[in-house]
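What follows is chain A paired twice: with chain B in the first complex and chain C in the second.
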Partner chain A sequence: MELLIKNGAVFDPANGIAGDKTDISIKDGKIVDKVSSGAIVIDAGGRLVMPGGVDAHSHIAGAKVNVGRIMRPEDTRAGIKPRTKITRPYTGYTVPNVYAMGYRYAQMGYTTVFEAAQAIMKARHTHEELEEIPIIDKGALTLFGSNWPTMDYVREKNMDKLAAYVAWGLLASRGFGIKVVNPGGGEMWGFGKNVTGLDDVVPNFEVTPRDIIVSLMKVNEMLGLPHSVHLHCNNLGKPGNYKTTLASMELAKQVKPSKDRQVLHVTHVTFNCWGGTNWGDFESKADEIANYLNNSENVTTDMGQLIFGSATTMTADGPVQYANAKLLHAKWANGDVELEDASGVVPIFYVKQVSIHAIMWAMGLELALLTKDPYKVLLTTDHPNGGPFVNYPEVIALLMSNKKRQEEIKTLHEAVHKRTKIPGIERELGFNDIAIMTRAGSAKVLGLLDTKGHLGVGADADVSIYDIKPDQTDPSAEHAKIKSAFQSAAYTIKGGNVVVKDGQITATPMGRTFWVDASVPDEQKEIMMKDIRMKFKNYYSINLANYMVQDAYLTHPYVVRAGVIPVEVS
Partner chain B sequence: MSNVITDALCPFCGCMCDDITVVVENNKIIEAKHACKIGAAKIMGHHRIKAPMMRKDKNADFKEVSYDEAINEAARMLANSKRPLMYGWASVLCEVHKKGILLAEELGAIIDNTATVCHGPSTLAVHEKGLPTSTLGQIKNRADVVVFWGSNPVHAHPRHMGRYSVFAKGFFSEKGRRGRKIIVVDVRKTETAGMADEYIQVQQGSDYLVISALRAILAGQAAVVPDTVGGVPKEQLVKLVDTLKAARFGAIFFGMGLTQSMSRYKNIDNAISLTTELNSFGKHVIMPMRGHYNVTGFGQVCAWETGYATAVDFARGAPYYNPGETAANDVLTRKETDAAMIIAGDAGAHFPANSVRHLAKIPVVQIDPYWNPTTEVANVVIPVAICGVEVEGTAYRMDGVSLRYRKMIEPTHPTDLEILEKITKRVIEIRGE
Partner chain C sequence: MQTVAIKPKNGIKISAEAENISPDKFAGKSEKDIQSLEAWMGNQKTTLGELFTIKAEGTGAVADVKVVMEGDFSRVKRIGEGMTAGLVMIKGNVDMHLGAKMSGGKISVSGNVDSWAGREMKGGELIIEGNAGYYLGAGYRGETCGMRGGKITVLGSALDFLGEHMCGGEIIVKGNAGILAGLSNNGGKIVIEGSTSRPGSEMAKGTIIVGKVDEMMPVFKLEGTEAVDGVSYRKYTGDVIVNGKGVLYVKE
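Take a look at the complex of A and B:
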């Protein structure tokens, strides 16, 4: 099938196109040079055209998401829409059902989304849900930061074995990259304890978070994985944690990237750019993080923007969730996974008149507005931790309009004036910046810029068209229009299929699941497997033969090859 | 010719033991090594329903019919129903649950599973308090104090203690049983209680009081606790709190004794609060002892597809959930249901008499490999292959770990999946006519 999108105001930052009237030709699911005269024509009529949205960090599938659903029927009730001839029912706001997950992303013009954390042992569950999320392409990052084999090999300084373990773990979980959450803390939470900084020693394993992060970054580059290490820093949720975040970013200097991308992605900075020493003197240090980003080259971040209202916090950072539950007197789910990591789920409600929440709201925006290069700060809400992904249009409008920010600030706790820099920041981002933070940048950070996040020849034919005429719109003044246009795409095209028209789902093709097959020399793998077999014999509660995610759970796989030995790219 | 399958999974209880070695000869399982007696019996199989059967009058005998006839009649009964109920789902794989939920959407039916007479109250408690838990291996490697409350694994989960909770040795628990304190709280001195270091006998219906007393003592309010609570001497409760407080890693496993006795979900709510509070001292987790091997799986699939774990009413076209109104026994005792499909669960044996009486009056389709009390109230009986033995697919262990069941032998009957697909297709045709 051929499609021709005419008269669009195209923003395709990866190809240097910023609002030019450019035609986009689509054939067999790919962007091509030109199409025949028989192509179906979509007249964009001067409206905004961008590559399909790419989200590099969102909790969309797996054990902790489902725990959120089961413990929060009140949330499920918040977003109900009956089935139609085309769509299954939608439910939920912060923890939508699998169908709403795919439909709502597509309705916002997003076509690729990555689940930010799965334990290997529970990866089968992640894939069961991913397989049922319609339309979008997806993948999942795999937790390695507290795994016993990781810590053993870090202690032994055996990077070959660690590389072999990571490659095998990605295969076992059909994962896309290395996620590290509160490294070492997951193991310590097994006995209700935590690490307090980069140099605490994890008992019994005799390693520090610093060792774990650096070793995994090295191995990530040894394997040439598409994405970098994706880090949720230690001390998250504690006032003063910006120092730990800066110290963690500094570690990236020890490793050279194997590809044209960062070596460390520090995620949801809203939760780890906290100044002060307690809740009383709590303040934003997002400016310090932005300053670091402006003076360094190999670290990227995402916002984790806070959205006022209901959210569900969910993370492999078990201890922070216990602390949250105690602080908020909220219901608490904990889900530690043997030999691998911890996790917790706690509902929260962000309130404008609570000083901490008002300051946190400012943090994500400060980070994005004070960092000069939009490629270094992706737009996320750490869905559903900062708030549900359906609020991305609100975040876009806030970034594009100082007027909107000032109006919002008037409604917030006064602490936002004293303990953040946001009231004085006048910068307003343009469509090109937004296209980077939600498309080109996320694709680059993930290492998928060959086929995602741009509209050049050979890219996947994922395109969104929004009902805004950039040359006739002042986003600063007309922020409400911006928000409503990004909430409901005029068209979303996924793999060459029109899946959304005028904000309504028109088709529900299944997307693909991306995972990385990283090869290591056989003998290296075999040496590592001896240790793994011992771990299963003595410590796991299941047999090795039943551990790995089977092919049956990936009906639409997309394999990205990597590895320490050169392999052909499929 | 014999064929040996290793690392096979047992389709009996929520332990989902995955170390079974099955010996197959001529498409017949002749041995199931490592399985407990109940598990082995499940795997080996017994008297199956041979062919589909139908009858109009429930007092009449069944007549054997073809699969097409039975499927057609089942679809007709469901399609003509104004308030269909689809109940069961415990002993089938998640792939079947997905098809079931799709059919429920199509019919505007109520879909509910066996948790309604089992750990349904635990789900209600999770709505209130969450669930601090972990995988079973975490307990195997770390636990030094284990409490079984209203649960009797010796009989209901025979290998639980060996594999995960009592005798299992792990990284921080090299001594296995000798390094663990085992406490049983129950109204009867069960065989599990006989093996425990400490047995606490609670008067029937007093669990809530006892848990509340423990929480009061834990909070430093022992002075307000009377000399005996629910039949338990105060000293014994104080001692239990001391043991729990001193634990490095404590685990509470609870069963029907807590979920289906007086105070029901409030017992669990209280026990979860106790567990949460204990985390101020050491690490503590709590876990329901789920019965059928994949009863957990239905809750998982139903939650990610509809947002709710069970008791979902599709009458409005969108999922609606209100246990007390939309659970199987609610609609049966109100005599609201006018047709029912019972699949992989036995309402006839386990539901209250009033519910079964209503089932006896309305059209009932049963989908099951085995004859059971539900068969006695059925109009249409469709025998199927046995999931987990003759059909491969996914199930969730009691701790939420999902595993893939192997196919051990070729099925002699169609699968649940095939039957549900055909019924769904026929329902759409009938509704379109």
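Take a look at the complex of A and C:
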């Protein structure tokens, strides 16, 4: 099928197109040079055209998402929409059902979303859900930061074995990259303890979070994985944690990237740019993080923007969730994934008049506005930790309009004036910046810029058209219009199919699941597997044969190849 | 003044959901419009007119609407859901979720009501002359607040989990209540003139006054005796496990 999008005001930052009237030709699911005269024509009529949205960090599938659903039946009541001839029912707000995940992303013009954390042992569950999420392409990052084999090989300084383990772990979980959550802390939480900084020693393994992060970064580059290490820092959720975050970012200097991308992605900075020493003198240090980003390469971040209202925090960081549940007197689910990690789920309600929440709201925005290069800060809400992903249009409007921010600040706790810099920041992002933070940047960070996040020839035909005429719109003054346009795309085209028209789902093709098949020499793998087999014999509650994600779980796989290459370690 | 009279047609055997039976939905509407309001019977979409004989007279604002229901409504759920004003008088029994989320007005029932009556009620008044089922004035599954305001009076008895997760308002039961009355409650006042068992578990705030307790949870601290309205009660505070500041009075 051929498709021609005419008269669009195209924002395609990866190809240097910023608002020019450019035609986009689509054939067989790809962007091509030109199409025949028989192509179906979509007249964009001067409206905003961008590549399909790419989300590099969102919790959309897997064990903890489902725990969230189970423990929050009250959330299921929100957003209920009965089935139609095309769509299945929608339920939920912070923890929607699988169908609503796909539909709502597509309705906002998003076409690719990555689940940010799966334990290998729970990966079958993740893929069972991913396979039911309609329309969007997706993938899942695999947790390695507190796994026993990881810590064993880090202690032994055996990077070959660690590389073999990571490659095998990605295969076992059909994962896309290395996720590290509170390295070492997940293991210590099994004993009711936590690490408090990069140099705390994890008992029984004699390694530090610093060792774990650096080793995994080295191995990530040895294997030439498309994405970098994706780090949820130690001390998250504790006042004063910005120092740990900066120290973790500093570690990226020790490793050179094997590809044109960062070596470390520090995620949801809203939760780890906290100044102060307690809840009383809690303040934003997002400016310090932004300052670091402005003076360094190799590190990228995402916002994890806070959205007022209901949210469900879910993370592999078990100890922080225990602290949250105690602090908030909230429901708490705790999970222990045997040799791999911990986890926890706690609902939260962010309130404008609570000083801490107001300050946190400012942090994500400060980070995005004070960092000069939008490629270094992706737009996320760490769905559903900061708030549900359906609020991305709200975040876009806040970034594009100082007027909207000032209006919002008036409704917030006064601490936002004293403990953050947001009231004085006048910068307003343009459509090109937004296209980077939600498309080109995310694709680059994930290492998928060849096919995602841009509209050049050869890219996947994922396109969104929004009902805004950029040359006739002042986003600063007309922020409500911006928000509503990004909430419901005029068109979303996924793989050459029109899946959304005027905000309504028109087709529900199944997207693909991306995973990385990284090769290591066979003998290296065999040596490592001996250890793994021992671990299963001695410690795991399940058999190795029942552990791997089988091909049957991925009915629409897309394999990205990687493998061992030499790396320079300075 | 607007009066709407509703009688069930030939026996409703499977559950009907009729949240549109409410002064808010009826106000200012003609008889025909009211009859064509949506309802569900099982998984079939239908109308109020199909399920009930409806006669409407006059017209008026919500507060001036009087709904008179007569007959067996024991398979009709969600009557008066979310109503803000007006009057609903029911002569007969009703099914679950009567007056759920109501914030004003008054509902009276001459018979029995099934579970979840007054669920998440914010205001108004619910008078039940017969017995109430489980979860009277409670919260929805998973919600941290059930009833927040208003008043529920039961002349008969109520079953278990009365006022679970209650955050405000008042529930008065003249008869007995089942186990775990006021479970996890966080405010409001519950009066049970008869007996109950294990009241106030996990309560953080609020007051529970009970005639007789069959079994006390071992999580309350005895504070001595105190007279309430001239009657002497043992006063307890708790639940101490959750550091609760709730008060439980048990008649001596």
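Quick note on the criterion: the second predicted complex is superposed on the first by the 564 of 570 C-alpha atoms of A that agree within 3 Å, B and C clash if a C-alpha of one lies under 4 Å from a C-alpha of the other, contacts with A are read in each partner's own complex, and residues count from 1 in each chain.
The rule is simple: contacts are C-beta pairs under 8 Å (C-beta built on N, C-alpha and C of every residue); 3 or more make two chains touch, one makes a residue touch a chain.
Not measured: the values here are computed from a predicted model.
Legend: residue contacts after superposition of the two complexes on their common chain; A:W332 is shown touching chain B, with no touch to chain C. When the two complexes are overlaid on their common chain A, residue A:A44 makes contact with neither chain B nor chain C. Look at A:K122: by the touch rule set out above, it reaches chain B but stays clear of chain C.
When the shared chain is aligned, no partner comes close enough to touch A:M222: not chain B, not chain C. Look at A:R88: by the touch rule set out above, it reaches chain B but stays clear of chain C. When the shared chain is aligned, chain B and chain C each come close enough to touch A:M71. By the touch criterion defined above, A:P96 lies against chain B but remains apart from chain C after alignment on the C-alpha atoms of chain A. Which of chain B and chain C touches more residues of chain A is settled by the count: it is B. Residues common to the contacts of chain A with chain B and with chain C across the two structures: 71-75, 77, 330-331.
Note for the complex: chain C touches chain A at residues 140-144, 204, 242. Those residues of chain B that touch chain A in the complex are listed here as 6-7, 9, 18-19, 94, 98, 105, 123, 126-138, 140-142, 163-164, 168-172, 248-249, 276, 279, 282-285, 299-301, 303-309, 314, 316-319, 321, 392, 394, 396, 400-404. By the touch rule above, chain A contacts chain C in their complex via residues 71-75, 77, 329-331.
Residues 61, 63, 65-67, 69-77, 80-83, 88-92, 95-99, 121-122, 124-125, 128-129, 132, 148, 189-192, 204, 322, 325, 330-339, 345-346, 538-543, 545-546, 550, 552 of chain A are the ones touching chain B in the complex.
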